[in-house]
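Down below is the structure, laid out as structure tokens.
Should a chain be cited, it is by its letter among A, B, C, D and E, assigned in written order, with residues numbered from 1 in that chain.
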Amino acid sequence: MKLYEYSIRRIFLLIFVLLGVTILTFYLSRIVLNPLGAYVTERTRPEAIPAIEKRLGLDKPFYIQYIIYLQDLVTFNWGWSRVAHMPVIEALFYRFPATVELAIASFIIIILVGVPLGIISALKNNSVVDHAIRIFSLTGISIPVFWLALTLQYSFSYLPKVAGLPSLPSNGRVDALLYQQYPVNRITGLMIFDSLIQGNFIIASDALLHLILPAMTLAFLSIGAVTRVARSSMLEVLRQDYISTARAYGLPERMVIYKYALKNAMIPVTTLSGLLFGGLLAGAIITESIFAFPGMGQLTVFAISSNDSYTIMAFTVLASFIYVLINLLVDIVYAKLDPRIKY
Amino acid sequence: MVTEVVKIENLTKHFPIVGGILQKTIGYVYAVNDVTMSVREGETHGLVGESGSGKTTVGRIIVKLTNPTSGRIIFDGEDITRVKGEALRNYRRKVQMVFQDPYASMNPRMTVKSALLEVMKIHSMHKGSEYEYATKLMERVGMSEEHLYRYPHELSGGQRQRVVIARALSVEPKFIVLDEPTASLDVSVQAQVLDLLKELQKQYSYSYLLITHNLAIIKYISHRTTVMYRGVWVETAPTQELFKNPQHPYTIALMSAVPVPDPTLRREKIILKGEPPNPIEKVVACPFQDRCPYVMDVCREKMPPDTDLGSEHLVRCWLRA
Amino acid sequence: MKSRQTRMFLMDLKFALTLLRKNKLVVSGFVMVLFFIFLALFGDFIVDPNIAKSVDYPNALKPPSWEHPFGTDDNGRDIVAMVVLAAKYDLAIALSVILASIGVGILVGSVSGYFGGIIDEVIMRITDIFLAFPGLVLAMAIATVLGRSFTNLMLALIIVWWSGYARIMRGQFISEREKPYVAAAKILSVPSWRIIFRHILPNAIYPMLVVLTMDMGGVILTAAGLSFIGLGPSPFEPEWGSLASRGAVYLFQAPWIIFFPGIMILFACLGFNLVGDGLRDVLDPRLRR
Amino acid sequence: MLLSVRDLIVEFYTYRGIVHALNGVSFDLDKGEVLGLAGETGSGKSVTAFSIQRLLPANAKIVSGKIVFDGVDLLELSEEKMREIRGQRIATIFQDPHTYLNPVFKIERQFLDVLKYNDPEIKALENKKEAERIAFEKAVEMLKKVKMPAPERVLKMYPHELSGGMKQRVLLAMAYSLTPDLIIADEATTALDVTIQAQVLEIMKELQKEKNLSVLLITHDLGVIAENCQKAAIMYAGRVVEIGDVKKVLISPKHPYTQGLLKALPRTDKEVELVGIPGTVPDLVNPPTGCAFNLRCPYAKEICRTKVPPYTLEEGSTVACYLYGGK
Amino acid sequence: MRGISRTILAVAVIVLVVIVGAVAVLMQPPTPTITTTTTTTTATTTTATTSTTITTTTATTTTATTTTVTTSPTTTTTTIKPPNPDTLVQETIGEPDYVDPAVDYETAGGEIIMNVYETLMWYDGESATKVIPWLAESYQMSADGKSYTFTLRKGIKFHDGTPFNAKAVNYSIVRAILIADPNGPAWMLGPLKGAEELMYSIQDGVATQDDVAAWLASKPIEVLDEYTVRMNLDYPYSPWLSVLAYTVTAIVSPTYVEAHGGIVVGEHNEWMDRHAEAGTGPYILKSWEPNVLTLVRNDAYWGGPKGNIKPVLKTVIIKGVADANTRLLDLLKGDADFAYVPVTHIDQLIDMTTWFNEKKIVVKPEVADKVRVTGPYETFNLDFIAFNLNIKDEITKQPAAFQPFRDIRVRKAFVYAFDIDQYLRDVVKYFAIQPNGPVPKGMFGYNPSIPTQQYNLTKAKELLLQAGPDLGFSPQNPKTMTLYYNTGNLAREKAALLIASAINSLNVGLVIQVVPLDWPAFLAKQRARALPFFVLGWAPDYVDPDDYLIPFGHGQKGTFPIVIGYNNPELNTLIEQQAVEADPVKRQAIIDQIVNTLNSEYIYLWTAQATARHVERTWVKGWYYNPAYPGNYFATISKG
């Protein structure tokens, strides 16, 4: 099977999975989490409730509600987000780029730190360095996110502030006052990118500063995973016969490791990284909440605790879409990396 | 009159290759193409060929691990090609198989004892005396009662294969498919296992279908032999006759290619050029045409007919037709 | 004659122990896990369980002292006591989520992987949906609807967790069912259910032990995360995540509230991860043969 | 004397304990000579090969011994010098061609890299492009030499697109392109079908004759040794138990193990009654004291159980057995 | 192997040292100052960054100890120059739901609205009771009290340039009524002729265009001329002028609204929900991004009724910062000028000893040059616990079998069990007073002589032991009950825990579980009458006892009596009587009667009437407190 055929087939399945996700989402937000609860307050007269139900379309049979929901979904009529105080689509327009920016930043850290650590660990297998790196990576996957986030916030933001030292911002995406003085036109929504292409270096650096702590938090949790995979796959590859061939045919050790072994070892790392990136996009909920980073995750926490069904639906559909899309991309990249894979 | 325990007629197996957006069958691997052969009671029939010749598939079809695309399997005069359920269970009490890698063909988390007793329980044999029977089986394959309590990884390669044989014997079959039974064993152990198989046959007159790539083993143990190439049988004859008087160019080349551990013997070797053809191409003419030193035009057009050379020696080659 | 199996087990154990002895990291992991289990089992005897169910506001936010070595929380409860009492709940969450999820995973994955075909297709597509669905959202929705309690937190996590195992188990089954020992069993007319549960399952589940052990830590972390964003159980039911989450507000005045429960989570997870890491070596057939 | 291995002792450190893989291996190999090294699984054939190349895994250690290659003890060379030896003077052809080619690089890349780092002519070139081109030509030429059909096309392929025989030929071509003095063929044809094996052995023979190379042919197949070697060495449990002219060793074996081995071997050339060697190969974590074969040996004496037998010369073969040497 | 053991040893030592170091530092004697926090913090930093050697940690410990001793070296006087004198940054919690006066019904939005829009009547400076004509120049009440005639100010323009006139007044109020958001504040306009009926039918989805036209034709509001407008009520309604000071009656520019979607009956205007840029007020909402709202000055502001309001600040940035620690730190650093500092963090700014002893707010000396804390200010926010007399099952909707609160002894016992002193001192840090009934202190109708509820655990136990056998619970046969509160409200949570812990400690066979619920879930349970008892708060819409007596006492109209199944016809009559009673003295008497009756029934446990304080940088000038304001009025504020 050709790769494009495979991709088309996967996209078919993707639609199927997304349809399933919408059903699940719909079930959750319409039936499990009664959306009415959010639209009725203690002052609402009981007589007014049927009218509210009618306005929300809750009086129709479920399957019709679902069809309407699907129609709205494909026409991007995603409803009003009560927690964002704006239409859901607009909220995503504001918040999704923020999440993407955060994900990219932490992803860069993860790769730049995680992969070299894994390789060093594999090359110095069973040495002190290896053990230190293993402990480090195990700690990374064992540490509670919120604990790490708060600790970082405390050490790099609160403490220096109290001591009157320069501190890292612990909150938000950009300093509101600075932003007021040096506004940036929204182009992609990626604050750093936008401000850079507009030559606004003040905002660019401020936005970068705001990214450091949340990106570090997110990164630290995943570095462990990347390091472990990089290490074990590098060890695995170094054990392979073709490495012996390369050595036996007199190739220099550096070349054997950094060219021959590395490319093979990177295949699983790439797969993991793709999935990780998807996870970062969809899963920065706690980090965003703690650092008040105005991304999707923060919004979702609010949305769930206030039964904002439209926002929940939008988030789940988007997150699932990202998940399946990234899975597809990972598989395609995998095939590109490993010529043995056939579909 | 010798009776044929198993007879396969025009056996064909094509594995579909699935592909495309809708996961349709877009081609086939032509594994076995029109194979006919039989195994007689109390004798060993060797099935020899190189990798990809379809010999293992024939074995798996006979024990019904997979169904043939066409053709018939006749066991004890009964057509069992499509049997299911209880009939299949009955069939499998008479037919057993020993696999190439004894370690892989044993459940690593079961002791020898539980593996043996499980079989007897399933077939409700030797009720109440399962254990005694298991001990007897172990003795029969040259092992002791003590070995019953071992896990596969606590046994050596030869012992494992003995246990696998004992397990196959536990249902008291008439016929056993031996799929490269010694390929994973060292020479010194291989001899023990081969002798055991021979001894068992002598005592209990089992019929064997011995699948192997090793001509030396064929020569040592089998009574009659069929040579396969690319899913097609090319020659079949009593082993003695085959070795003395090989007729098919492939058989001849194969025999000359086998290294002989006698440095004094200087033979002229026939070196075949090329490699076996791709099994996804349908076999319409002689499968050996591309490598045959004597290839003729007719070889590329039609499948050679089965030619009886007398004394049960059959060959499929236009040279002999 | 069970003795042989016992001996086998002892041999396995001895082998495991030799391996573990050579890896001091794993030993430290074991110590952490054992300590955790000890707290979970005997926590109620070490400290008065009533502490968790009462408040003492005049003593709130007291910094660590000899009387309260870890300080007190915003409800005036001794953090040592709370942390000890919480071990039981966290272990219960981890164990039940893992066991239930792997149970479901085995059931779904084995049927799907062994039979293949259309059954497999349907089951796996449903699993895919659950995999694609953002787990935290699902868990949060469940916790929101059912209310804050331990059972609901567990339930939410199980619903999120099973699908991953189902997929792994399916993969294991597919790779195992091709092995000759399954073919051998088929030829010996071993019934399907028996092949699935007696032959394939033990072989398929063994490599999972590593994942399962490491996931014990993962569950504790996830549960703590859910607690932190406000889906934790009632304040009267101590759980490390929710204890720590109480500290977030007082991070400035009383960092000890978040510090100690956080450390406990870290060590418990680290313990499981280290043990899992060591188990990987124990189960590695390369080292065994 | 091109290669001389003396009392090589190699240990592997595993979780099970120390594996005594080689327990004093000694043999010599002359220029232009083909020496067959035979033995069963775990007898230490491959470990010997890897030791000579100094490519043992990290958990292995050469405890003692000498490997003198062309007058130099390889064990005392620096890693850099050893690399040059590996690339330019000793070439290895490995057992399983499927695993010994890097799956993610095209043949071309792997071949050219080998040439670029080892071929003195190409190494000397300043112009990188030019070097690439010349290397490519040389690769094609070498592939032609191993009778590879359509070598240019093969070079543009990934290893998985080639059949086993073709891969083995690629490895062969790479090995010979280095113009080595010594070729170590480590079970080079074991994984191949008999007809393909015959092809590969034929090519190897031609190349050996052409360049008058020394070959260390490692195999478990005594037939291959009989047909290709001048000298044969039989290994058992990490030790060479018998070494000598191939005719002597295979026709009139001296060591009980060699004798047993030959008796257990089914043959196509004559009718035989097989006799297996009782027992199994010893566990090298806990090897038996004395002669490693004593537990399976029909002639075992008291001394065999306590002391390792020294080598004695018996009718032109060197044998490690107390049956000989008049003791 | 040696390598490994060394690693382990090193790690173990580091961990040990860090923990010991942390504990050692944390064991410093508690002084709730920022400097102390510095020390504890240092220890945690060490842990977080995992220092590598023993020496580092010891060094840190020493540093930490010295820091405690050092006092603030800054002795400069109160003048620190603000970095941005034109911009005010306010950090608060949350952000508005909407900024449309017709639908917004919470304080964050109210704050924006009161700065962007104006009303006909508004509070005079700091007074919460004195309402003066604002956009109106004067008004006249008809003799029957059923119609009000307003003369409007001339020459005022909306931000978009539209002139302010009677039509705009009519438009704005009619607009709120036609939107008729069931969750919004439009209900307050109910007394207007036919408005309540119309809004109900709009909310119930039965109103037709004809109904709307008919209502408009009935002239609830008459535009008499360009600057005169008359409002006609269904009945005389004394709080009407207070209603007219509420944001729901804010006047919006009709041309602007028409240009952005106009009025749709029964529907929000989504543009107006998010934009506030066409009022008459001193500020304009320039942008609203997630958690950040920016107001800019209306340079053409008319100056207010006294002509003295000249907004100084060019920009006001209102940031939603959920984390109290961050708000506090930003304030101290000078990044924020106003910050909401909750009770939990106020001890960082003020001297708690003085506050506890003298009820006087004194800023700590080390931050006195930076921060000003004013107060205490009385608010009208009332926290309480209500007991459900008719608990229902949420699913079956049938009354539950166990109805403990139908027995007054149980209710009384619960009231006795609440340690109000501990609550006020240790939980709300005296930033609340104990209410003596539904009418808060500072409002008309409050009578200080009405006694407060008392704490008496012995009596509580007695009562419960008495009531137990009748209700079927005893120490041997305990019954479990669940107390709910909404997640995130720490004071309510602690009130819940306090009473639950007290009842549980009595061992009388009643076991109270405490369960937090998200607000929507809480409301749903409350509506289903499924909450056995619950902790909640109440804030007024307009400053009148009516807004307390009805919701707490009226069995048919009142929010809480309905959900807890309490209906006392006599009380209902009394409540209706006091609403129309024009004579303050007589009205007071009726109110006292209502309060006493309610208190004697023990259906509410009055926990706290919050006291507010205001925290700002010392460089901010011109702020004042008015309890009726939803937020800060920026027009009078300056910096520097």
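The working rule: a contact is a pair of C-beta atoms (placed from the backbone, for glycine too) under 8 Å apart; a residue touches a chain by one contact, two chains touch by 3 or more.
All of these numbers come straight from a predicted model, not from anything done at the bench.
Among the other chains, E has the CA centre that is most remote from the centre of subunit D.
Taking A-E and C-E together, the pair of chains sharing more C-beta contacts is A-E.
Centres computed as Cα averages put subunit D at a distance of 86 Å from subunit E.
Subunit B and subunit D, compared by their mean Cα positions, are separated by 32 Å.
Mean C-alpha position of subunit A lies 53 Å from that of subunit D.
Note on chain placement: the centre of subunit B and the centre of subunit C lie 49 Å apart, centres being C-alpha means. Residues of subunit A found to touch two or more other chains are 131, 135, 151, 154, 158, 290, 304-305, 307. In subunit D, no position touches at least two other chains. Annotation for subunit C: residues touching 2 or more other chains are 22, 25, 144-145, 230, 248, 251-252, 255. Listing the residues of subunit B that touch subunit D in their complex gives 50-51, 156-159, 186-195, 213-217, 219-221, 243, 253-265, 269, 271-276. Residues 34, 36-45, 47-48, 50-52, 54-55, 80, 82, 84-87, 91, 94-95, 126-128, 131-132, 135, 151-152, 154-155, 157-159, 161-163, 170-172, 175-177, 179-180, 290, 292, 294, 304-307 of subunit A are the ones touching subunit E in the complex. Across the complex, subunit C is touched by residues 1, 4-5, 7-8, 12, 19, 22-23, 26-28, 30, 32, 37, 40-41, 44, 47, 323-325, 328-329, 344-345, 347-348, 422-423, 425-427, 487-488, 490, 493-494, 497-498, 500-501, 504-505, 513-518, 521 of subunit E. On the side of subunit A, the complex with subunit C involves touching residues 13, 16-18, 20-21, 24-25, 28-29, 32-33, 131, 134-135, 138-139, 141-147, 150-151, 153-154, 158, 282-283, 285-286, 289-290, 300-301, 304-305, 307, 312, 315-316, 319-320, 323-324.
By the touch criterion stated above, subunit C contacts subunit B in their complex at residues 1, 4-5, 8, 179-181, 183-191, 194, 198-199, 202-203, 206, 288-289.
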